[in-house]
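Below is one structure; the comments refer to it alone.
Letters A, B, C and D mark the chains as written, and numbering starts fresh at 1 in each.
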Amino acid sequence: MIKVGFVGIGRMGSAIASRVLGGGHELLVYNRTPEKTAELAAAGASVAPSIAEACSGREVVMTMVADDGALRAVVLDEGGLRDSLPPGAIHVVMGTHGVATVRELAAAHAQAGQVLVAAPVLGRPDVAAAGKLGVVAAGPPDAVEFCRPLFDAIGRRTFDAGPVAEGATAIKLANNFLLGCAIEVMGEAYSLARAYHVEPAVLYDVMVDGLFAAPAYNVYGKIIAEEDYDNVGFTTTLGLKDANLILGAADLARVPLPSANAWKDRLLGAIAHGDGEKDWAAVALEQARASGLEP
Amino acid sequence: MIKVGFVGIGRMGSAIASRVLGGGHELLVYNRTPEKTAELAAAGASVAPSIAEACSGREVVMTMVADDGALRAVVLDEGGLRDSLPPGAIHVVMGTHGVATVRELAAAHAQAGQVLVAAPVLGRPDVAAAGKLGVVAAGPPDAVEFCRPLFDAIGRRTFDAGPVAEGATAIKLANNFLLGCAIEVMGEAYSLARAYHVEPAVLYDVMVDGLFAAPAYNVYGKIIAEEDYDNVGFTTTLGLKDANLILGAADLARVPLPSANAWKDRLLGAIAHGDGEKDWAAVALEQARASGLEP
Amino acid sequence: MIKVGFVGIGRMGSAIASRVLGGGHELLVYNRTPEKTAELAAAGASVAPSIAEACSGREVVMTMVADDGALRAVVLDEGGLRDSLPPGAIHVVMGTHGVATVRELAAAHAQAGQVLVAAPVLGRPDVAAAGKLGVVAAGPPDAVEFCRPLFDAIGRRTFDAGPVAEGATAIKLANNFLLGCAIEVMGEAYSLARAYHVEPAVLYDVMVDGLFAAPAYNVYGKIIAEEDYDNVGFTTTLGLKDANLILGAADLARVPLPSANAWKDRLLGAIAHGDGEKDWAAVALEQARASGLEP
Amino acid sequence: MIKVGFVGIGRMGSAIASRVLGGGHELLVYNRTPEKTAELAAAGASVAPSIAEACSGREVVMTMVADDGALRAVVLDEGGLRDSLPPGAIHVVMGTHGVATVRELAAAHAQAGQVLVAAPVLGRPDVAAAGKLGVVAAGPPDAVEFCRPLFDAIGRRTFDAGPVAEGATAIKLANNFLLGCAIEVMGEAYSLARAYHVEPAVLYDVMVDGLFAAPAYNVYGKIIAEEDYDNVGFTTTLGLKDANLILGAADLARVPLPSANAWKDRLLGAIAHGDGEKDWAAVALEQARASGLEP
C-alpha cells in the first residue's frame, strides 16, 4: 500500500485515481474545482483542500493536468509540489507535457530533494477506467520501481523508457506524432483517391484489410472516409498543441521533423478555416480544400 | 475457362501466372528471356515466341512488367498488344504504373477496339504464390466482371475501384504512398527517441502494442529499430521510383502532397549517401544522419 | 560571319534570330508555321521549308522551342537535326529544358559526330530584342568559343558554365528556382503581414528599400502587394512546368530541394483553384487562401 | 527635445543611444553591466543605477535587449518599466521580439496607463552608428508621432506599420523571414549547381547580375560561393531563434509557412552537425551535406 496524492481530477485523472484507489492504495486527492472529487471521496479517497495538503505525508503524488502552464504552476507556485512534497517523495507526471517543462521540473524537484518520474499514459478515459492504459515510465530506476504497483493498478502494460524522466515524454510525444502524421498522410491519400474519382471507402478497405489493419487506421480512416469531423474525439486545436509540443521537443534536441511540419501546416490551415473545434482528422478536410476538392 | 495470355514472367508474374493456370484457365505465356517460362510450360502453359503470338486468340492478356517504359513498349511497339490483341479483348495491367501511362494506354487500346483493365496487386511474390494477393481492379464494368474468375484465382480479395482504369492505379499508388510515408514518419520518430537516449525497442513496443498493431509498423518498425537495412525487401532506388509515380499522379490531378515531398527528399538523401541498394527503410538512416545521429 | 540555322521563330526566337542577323551572320530560318518567318525574311534571312534544309551547310543551328517534347522531336525525328546537321556542326539549344533531355540529346549528337552547346538565355522577349539578354553557355570549349560572336550579338553578357552542356541547363534552372521560391516566400511573408493587419505596401517598401532592392522583389513584390494576378507575364501553369524541370534535375542528381517542394505545392494548389492562367505570382493568392485570408 | 531613457546598452543599443543623444535629446541610460555606459556618459548622457531610475521623469524609454525573456523581465519584474514609467509615458521596444511577447507587454503597459510602441530596426550596429537604420514603427498614432524626432535621429527612414504595436513586429519578422529563406534557397540552388559540377561563382554572377542584384544576394551569395562560414555576422543558433519567433508569430495568426519550415529544418540540421556558432549561411553547408556533397 502506497500513500498517494493525486492532483488534477478531470475525466482522465478521475479514471486513473479510481484505479489507484481500487488497487488498495491510500489516496488523497485535490482538484481546483472540488466538486469533481465527490465520486472519489464516496469511494474512499480523502479530499485535500490545497495542493500543499495533498502532499502531506505522501510517498507519491501523481498529477494529471491540462498543459505545461498548469503543471508548472502546480509544481513551482508557492505552496506547490516543490514546496510541499516530503524529502524523497516522488512526483509522477502523467499528463502529456513538453520536454523542456519536464526537464525544468525534474531539476526543480531534484534541488528540493524530491524525485520526478514521467509516466504519460496511452489511451483515452474509457480505457483508463478499464485499467487498460499503457504507461510509459521513465526516471530514476528506484523511483520507477517504487511506483510499479501504481502503474500495475492503472494499466495493462508499463513500458520502461529509461532512467531520465524526459525519455518517457519523448516516447509519448513520438507516439502522438506517429498518430498525427498517420492521419495527415491518410488525408493526403484520400484526396488523391478523390481526385481520381474513386470512392473513399475503397481506399479504406484496402488500408485496413492489409498493411494498415490497426486502430489508428481503422478509426481515423473511417472518420475521413465518412467526413465525420463533427464527431469530435480530440479537437484540431488540441492537435496543434500536441504538434507544438512535438516540434518543441525536436527543436531542443536538434532533430528536423519534416513530416511534422507538413502535419502542423494542415492543422494551422484547418483552424484558419474555422475547423479548430472539429475532430483533428479535419486535417483531411483542409487537405481536400488545398486540393480544390472542397464540398 | 478463359483464354489468357501473360506477358512478363518475372518473380511476380510467374507466381500470378501459376495461379491462373491452377485456376483452370488456358494459358499462353511470353517472356523476353524465355528460360523463365520453363516452369510454367512444365505445368501446362504454352509458350509464345513473341508478344504478338501471346495475343493470338486471347480473350485476356495480362502484363506484369517492370516499369512504364517497358509497359509502353509492350503495348505500343510494332507487334505489341495494340497491334495484336483481338477486337474486344482485354489487357489486364497488373504492375505498378503511373496514371499518365495507364491513361495513355487505355486510350490507345480503346482506339484499337480493345479494353484496358488496371488490376495492380497488393502483396509480394510469396503472397502471390499462395493466392493471397489483394487485387485492386478498375475499368469498364463488363470487362472487370469478365476477368473476375482470374482475380479470384490470383487473390483472396478484389477491391472494385470503379469504371475508369486509372482509378485502380490511384488506389495502388495511394497505398504505396501510405506505406512509404509511414516508414518516413517512423524514421523521424525513432530519431526523436534516439536523440533523447531512449532505446528504439521501447518505441517499437509502444507502436505495435497499441495504435499501430499492423504489418506496416511491425515489419518496418523492426527493421528500423534493429538498423537492419542490408536485409533488403525493396530498395531505396525502387522506393524513389514509386515516390515519383505517386507525385506524378498528384501533379496530374493538382493535388499537393506535402508528406510525400518529405519522404521523397529523404529517399534522395539516402541515395546521395550511397544507400540506394539498401532496404527503403533506409530513409530512417538518412533521417538519423540529418539529425546528427549517425553511427 | 557564321552560317547559322535557326529553328523555332516564336516571340523569343524571332527576337534572338533578329539579333543574329543584325550581327552580320548568314541566317537560314525554319518555323513550323511559316508566316512567323516573314519579318526575318524581309530583313534578309533565308527561309527553309524543312528542318533538314535549315541544317544544310550550317556551322551552327540554334533552337528555341517550347518544351522538351518539341526539342526531342526537332532533334530525333526523321529529318531532324541529328539526321541533318553536317559533321562537326554545333546545335545551340537556347530554350529552357530539362537536364535529362539535354543529356540525351548531347549524346545523340555526339554519336552523330555533332556537338551540342546549351545556351539558355536570361530575360524576356523585349530584353532579347534589345540585345540585352544574359546567355549561360556550356559545352565543349572549342564549340562554345566558336559560338561566342553569336552570343555577343544576342546578349550583353555570357556566363561560362563549363565544358558539359547540361551545366548551363543546371544554372538556368537554378536561377528560375531562385525566382520561383523568392515569389513563394514573398507570398508567405505577405500573408503573415496581412494576418497582422499591416498594409502590404509597408512590407513592399521595407523589402525593396533594403536587403531586397532587386528586380525580382520589385516586380513580384508589387504584383503581390497589389494583387494584380491578372496582369500575366508568365502563367502559373508554365511555372509548374519549370518547377517540374527543376525538381527533375534535382532528382537526377539526388539533391533534395525542400523549398522547391513548398513552392510546387502552392503552384498545384493555385491551379487546382482555377488560377492556372493567372500570373505565377498567384502562389501568393494560394498562400492567402491556405491562411484563411481569401478576399 | 525629448526626455529619453534607454535600457540595454549593448553594441546596437549603444549606437542607437548615441544617435539619440546626438539628436539633442536628454538621455538617461541604464545597463546591467554599467561599464558599457561610460562612452555615452562621456558624451553627455546621464547614467541611472536602476531601471526604475532610468524611467524617472521620462517621456520615452527605449529598450534594446537580447530576447523575449530579457524584455519581459525589464518590463514586468518588480521595479521594471511597468512599475516605473510615468503615466502616459511611452516604451519604445527596438529589439526583435515575438508577437506574443509584444502583445502581452502592450497590454501590461496599457493597464498601467502607459503606451508601448514597437519600433524594431533594420540594419547592423555599423549602420546604426551612421544613423542609417530603417525603423519600422507601430503603435497608437499619437505616440508614434511623438517619437518621430527620435526615429529621425536614429534612422534614414521610418516605415509606418499601423496603429497596433505588434504590426511592426510582424513586419520585422517578415523581413527576417525573407532573408533567412533567401539564404536557404540560395543554399539549395548552389547544391544543385555543384551537383552538376558548375563553379559556384557562375551561379553567383548570374544571380547578382540580374534578378537578384540586391544586398541579400550579394552578401550571402558570396559567403556561400566561397564557403566562408567561419566569418560570422550572425550565428546559426541566433538564426534558429529568429526562425522560431517567425514560426511562433505564424502559429498565433494561423498562417502556415512551408518555406520557413524548410529553412528551420536546415538550421536544426546545421546545429546538430556542430555548426551552431558558424554564420547562419551554414544552412547551405547543411544542404550540401544532405545532398551528399560534403567537402
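In this section, a residue touches a chain if its C-beta (ideal position, glycine included) is under 8 Å from a C-beta of that chain, and two chains touch if they have at least 3 such contacts.
Keep in mind the model is a prediction, meaning the values are calculated, not measured.
Listed by label, the chains touching subunit A and subunit D alike are B, C. Farthest from subunit A in terms of Cα centroid separation is C. The interface holding more C-beta pairs in contact, when A-B is weighed against A-C, is A-B.
Remark: subunit A and subunit C have CA centroids separated by 53 Å (rounded to whole angstrom).
Once the centre of each chain is set as its mean CA position, subunit A and subunit B turn out to be 38 Å apart.
Among the residues of subunit A, those touching two or more other chains are numbered 250, 254-258, 261, 265-266, 268-269, 272, 290-293. Residues of subunit C that touch subunit A in their complex: 258, 265, 268-269, 272-274, 290-293.
Subunit A makes touch with subunit D in their complex at residues 240, 244, 250-251, 254-258, 261, 264-266, 268-269, 271-272.
The touching residues of subunit C, when paired with subunit D in their complex, are 99, 122-123, 134, 136, 138, 157, 159-162, 164, 166-167, 169-171, 173-175, 177-179, 181-182, 184-186, 188-193, 195-199, 202-203, 205-207, 209-217, 246, 249-250, 253-263, 265-266, 290-293.
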